[in-house]
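When the chains are written out, they are named A, B, C and D in that same order, and each has its own residue count from 1.
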Amino acid sequence: SAVSSRSMASKTQVGFVGLGNMGSPMAKNLLKHGYPVIATDVFPESCKELQELGAQILDSPAEVADKADRIITMLPSSPNVIEVYTGPNGILKKVKKGSLLIDSSTIDPAVSKEMALAAEKMGAVFMDAPVSGGVGAASSGKLTFMVGGVEEEFTAAKELLSCMGANVVYCGQVGTGQAAKICNNMLLAIGMIGTAETMNLGIRLGLDPKLLTKILNMSSGRCWSSDTYNPVPGVMEGVPSANNYQGGFGTTLMAKDLGLAQNTATNTKTPILLGSLAHQIFRMMCARGYAGKDFSSVFQFLREEEGQ
Amino acid sequence: SAVSSRSMASKTQVGFVGLGNMGSPMAKNLLKHGYPVIATDVFPESCKELQELGAQILDSPAEVADKADRIITMLPSSPNVIEVYTGPNGILKKVKKGSLLIDSSTIDPAVSKEMALAAEKMGAVFMDAPVSGGVGAASSGKLTFMVGGVEEEFTAAKELLSCMGANVVYCGQVGTGQAAKICNNMLLAIGMIGTAETMNLGIRLGLDPKLLTKILNMSSGRCWSSDTYNPVPGVMEGVPSANNYQGGFGTTLMAKDLGLAQNTATNTKTPILLGSLAHQIFRMMCARGYAGKDFSSVFQFLREEEGQ
Amino acid sequence: SAVSSRSMASKTQVGFVGLGNMGSPMAKNLLKHGYPVIATDVFPESCKELQELGAQILDSPAEVADKADRIITMLPSSPNVIEVYTGPNGILKKVKKGSLLIDSSTIDPAVSKEMALAAEKMGAVFMDAPVSGGVGAASSGKLTFMVGGVEEEFTAAKELLSCMGANVVYCGQVGTGQAAKICNNMLLAIGMIGTAETMNLGIRLGLDPKLLTKILNMSSGRCWSSDTYNPVPGVMEGVPSANNYQGGFGTTLMAKDLGLAQNTATNTKTPILLGSLAHQIFRMMCARGYAGKDFSSVFQFLREEEGQ
Amino acid sequence: SAVSSRSMASKTQVGFVGLGNMGSPMAKNLLKHGYPVIATDVFPESCKELQELGAQILDSPAEVADKADRIITMLPSSPNVIEVYTGPNGILKKVKKGSLLIDSSTIDPAVSKEMALAAEKMGAVFMDAPVSGGVGAASSGKLTFMVGGVEEEFTAAKELLSCMGANVVYCGQVGTGQAAKICNNMLLAIGMIGTAETMNLGIRLGLDPKLLTKILNMSSGRCWSSDTYNPVPGVMEGVPSANNYQGGFGTTLMAKDLGLAQNTATNTKTPILLGSLAHQIFRMMCARGYAGKDFSSVFQFLREEEGQ
C-alpha cells in the first residue's frame, strides 16, 4: 500500500511546517540525521538559518505536502493548526495519499481528532505528538514525544521523532498524546504552586528553606517542583529561581496549557478544582507582570509584601 | 547542671503520656530498647498491655513528672496538650528542674511555643517532635521525627527518639517541628488531589491509567502521590487504593492537619490558595461519607457519576 | 431596501426553530399575538401541539427560511445552533436577503459572532437574544431578552420579542446579549453558593436561619439568593428550597452556563477565581446526584453530615 | 437583684474602653444622650478629645469597672479583648456584681463565649454586640448592632446601644452577634469579588459597565456590591470606586474578618469553599499593595494588564 511504501522510504524528504523557537532546532536535528528537509513558515526570516543548513524552503504548507509524504508541524495554538492543515493553502489541499502527518503542537485534543478525520478523508494519516522539554531539549534532541494515533503507524512516526527526542511514548488513539501532555502540565502546575505556597508558609513559620526542601524531599510532600525545579531562590542551582526566574517555561505558556486542560475538562464534564484554580492563578500572574517569567516565579508572586 | 545530669542519665526512667494507636507502640519500642517506662493515659484500659510488658502505670501526668525527668507525650490535639502540660494534674505541676519534655503530638506551633514558655518558667525544657508515618511505622520503629527546640538539647532528645524512629531531623527553634510536619502534609494534600484530578481527567480523555502514571512519573508531573501512593485502583499494589481505600491516612486526619495549616497561614498572613481549597475539599469529603477512608479516596470522590 | 420592507411586514409569517420546553411556549405567545408561525423541530412530536394551535410545520430550518423572513431559534447548545444555521438543511441554505434571524439560545458569544458573519454573507441579519426566566416566564410571556446585534435592527427584533417577554434590553454588538446572560448567571452562581455557605456557617454557629436571612437582607450581605430565592428550607415559601429543590433552574443548566463563562474567560484571558470555583462546585454536584435538582440545592450538598 | 437595680439606673455612669476610630465617636454619642462617660484607652492621647467633652478618664479597665456597672468595649482584635477583660488590670479584676459588659469588637465568637463565662463567675453579664457600618455611621449614630447574650438583658443593652446605632438586633446566645457579623461580611466579600470578576469579564466581552450594572440589578445577579457599592469606576458616585478606592472598608479589615470566618468554619468543620478562596484573595491583595485601599479595589486588582 501507499502507506507501507512510504514507511520504507527512509531518508527521503521530510516536510516541516513551523520554524519557531521549538520547530527550528527540531528541523535542524532532522537535517543532522541525514533527512532532506522541505520547510515553510509564515515568517520568511524564520527560514533563513535552516535554508543555509541545506533545507529547501517553500511558500506554503500545500506546496510542502505536494513534495513530501512525511510532514511534521510545530505551531503555537489550535487556530494555527486548523489553518495549516485545512486552510486554503493548507497541507490537505495537496496531501498525497498515504502521507504521514505528525503534529507536535500543544493543542486541544478535540482539534487533533478533527484534523485526523479530515486527513483520513484525503487518504492520509494524522498523529498528534506534543513534546515535553523546552528549547534546550529541542536543540539537544532530548525532547519527550507523547504520541496519539493508529498504532500501526507508530513505528514510522518513531523513526522520525527519535531524531529529535530521547523518549517517544505511544499513548493510544488520536488525541491521547495531547491528553497526556495536558495532564502532565496540569499536575506540574498544581505541584509548583503547592510547593511555592508550602515553602513560603514554612519560611514564615521559621524554617530554613534548604532544610524544609530536604525534609519534603525525604517525605510524602516530595514532587518534581520540590526536588528538581525548586522555586525558592538559593535552594538549588541551575534552575530559573537561581536566575531571577529567567528562561525556563514561561507563565504565559503554562496559562495556555491550563486553558487547554480547562477546556477539555469542561467538555468532558470532569471536575478539576485545583486545576481550575491553578489556571486562574497563572492567569492572574500574567495580568500582573509575570507573563514572561518562568512559572516557578509564583513563589515570588505569593511572597511579595506590603511596602515592597 | 540539672540538665546535663539528666542527659547523662541513659536508661533511667522515661515518662510517657498518651497510649493511643500511636503512643502505645512508641512506648513499647522504648521498653524494647531497655528504658524503664512510667506511663499514663486518660483511658485506663489503654494502659493494660503496656503494664503487662513491664511499664509502671500512674494516675496522672503530674505523677509521671514527679518520677521521671524525661517525658514523651503523644496526644490527639492542641486542647489535650494544653491540659496534659498545664492542667490541674498536668506535667508542669510537678515537673523537676532540668526535665526534658518532648511532645510528639501534631498541634498548632503556637501552642508548642506556649508550652515551651510555660516549661521554661518551671526550669524544664520543652521540644516539639511530631512524627510522619502511621501506626505501622510506629510499631516497627520507623517513624520520622521533626524536632523543634533549643539545639543543645537535640542530642538528648535524639537518644530517645531514635528508639522509635528511623529519622530524627532537627528543624530549628520550638515550633519548627510542627511547622515542618504541617508544611509536608499540606503539600502532600495538594499533590494527592492534583494527582486524583489529573488521573480522572486523563481517563476521561481516553488514556490508560497505568500508562498515564508511567508518563507522569518520567515527567515533571511526578510526585509522591503519583509514584508511591497512586490513588487509582489497579495502578499499584499494596496501597489503600488497591484495598477500597481502607487503612492508610484517614481523610479526617488530613482535614485536621490542613486546619492547622490554615490556622498558621491565617495567623502569619500567608496566602495559601491551593492549600485552603485542599482543606475545603477534604472537609467536604468528611461531610459526605469519606471521613474514615484513606485520603487518596479523593479520586473516588471526584469520579462518581450521575446515577451512581 | 429588503430590510426595511421586512421590518414593515408586521403580522406576516414568523419562523420558529426549536420547540422544546422553552421554545414551545414562546412560539405559542407569537400565535396569541396574531403572528402566523411556521415552525420545525428535529423531534416531530414536539410540533404537534403547536400545529393544533394553527402553526404550519415544515421539515427543516431551510424550508422555514424559504417561507419566512423573520426567524427565531431556541436551541440547547452551540453545536445545535451551528447545525440549524449552517448545516446542510440549515437556515442559511435558503435564507432570503434582508431576513432577520434572532437566536434565543444560550451559547458561546464567539459562536454568535460566527453565525452573524455567515448570515451577513447571505445578506441576512443575525442577532443574539438569550433569555432569563424559566419555563414559567416563557409561558406567561414574562421573559427578559438580552439582545446583541446592529442597533438599527433592534426595533424590528423588539416587536417580536415583546410578544414573549416583559423586558427587551439592547446590549450592544452581536454577542453582547450572550455576554450579559453569561455574566448575570456567573454572578448568580457565586451569590448562591456564597449564600449557601454563609447560611450553613451561621446555623452551625447557633443562628436561626430566618433571623440570619433577615440580618443579611438589611445589611451588605444582601443578594438575590438571600432575599428572593433563599436556599435554606423553611426560610421562604414558593421557592425550590421549600419543595425539596424540585423545579427551578437545574444544576446541570447552571453548570453548562458556567462552562460558557469559563470558556469566554479563558479566551479573553480574564481571571475569574470565584467563577471558576463555582463552575467546579456545580460540576461536582452533577457528578454526585444533584444534576436534576434546582441549583440552590448547593445548600444541601454542603450541609450533609457524616453518617447521613 | 443587682441586675435589675442596674437596669433601672438610666443616665448613671457608663464605662467605655477603647477610644479608637470607632470607639471615640461612639462614646461621644453616649455623652450627647446625657450619659456620664468614664473612659480609658492604652493610648492617653486618644482620650483628650473625650475628656474635653466632659468624660472622666481613668488609667485602666479595672478602674473603670470599679466605678461603672455598665461598660462598653470597642477593641481591635481577640487578644486585646482578652487583655481588657481578664488581664491584670482588666475589667474582671474589679467588676461589680450585676454589671453589664457589652463588647462591640469584632472577634472570634469562641472568645466572646470565654469572656461571658469569665464574667459570669464574677457575677456579671457579658454580651457581644459587634457593629456594621464604618466611622461615618459611628459618628452619625447610625451603626447596626448585632447582639448576642441572655435575652433578659437585651432591653438594658438596647437602651445604651440605641444612642449609638439605628438598628439593634437580638441574635441569640452569647457569640451569635459575632456570628451574624462574620456571616454577613463573608457573604459581602464573596459578592464583591464575584461582582468584580463579572464586571471585568463583561467589559472584556464588549459590554458597557453601566449597562451591565443595570442588567444585573434587574436580574438574579443583583447584590449589594452591584447595586449599592459598585466596584467599577464611573458606574456610581459617592462610593470608593469613584474616589480611587480611598475611604470605605479597608482590604486589611476584610481580610481580618475573613480570617475569623475561616477560623470558626475550621472549628465547626463547616465547608466554605468560596469563603476560603475570598479570604485568600484579600490576603494576596494585602501582600501586593492593596492593604489600605477599600476592599472594592479587588476590581482593580483583577483588571491590571500586562505591561501596566
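Heads up, the rule we're going with is that a residue touches a chain if its C-beta (ideal position, glycine included) is under 8 Å from a C-beta of that chain, and two chains touch if they have at least 3 such contacts.
Molecules present, by chain and UniProt name: A, B, C, D = 3-hydroxyisobutyrate dehydrogenase.
These numbers were taken from a predicted model, which means no experiment stands behind them.
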item: Most distant chain from chain B, judged by the mean position of its C-alpha atoms; value: C
item: Higher-contact pair (C-beta pairs counted), B-D versus A-B; value: A-B
item: Separation of chain A from chain D, taking each centre as the mean of its C-alpha atoms, in whole Å; value: 52
item: Centre-of-Cα separation between chain C and chain A, whole angstrom; value: 38
item: Computed distance of Cα centres, chain B from chain A, in Å; value: 41
item: Touching two or more other chains - residue numbers and ranges from chain C; value: 270-273, 277, 284, 286-287, 302
item: Complex interface listing, chain A residues touching chain C; value: 255, 259, 262-263, 266, 269-273, 276-277, 279-280, 283-284, 286-287
item: Residues on chain A engaged by chain B in the complex (per definition of touch); value: 109, 132, 144, 146, 167, 169, 171-173, 175-176, 179-180, 182-188, 190-191, 193-195, 197-202, 204-208, 211-212, 214-216, 218-226, 228-229, 261, 264-265, 268, 270-275, 277-278, 281, 302
item: Touching residues on chain D, where the partner in the complex is chain A; value: 277, 284, 286-289, 291, 302-306
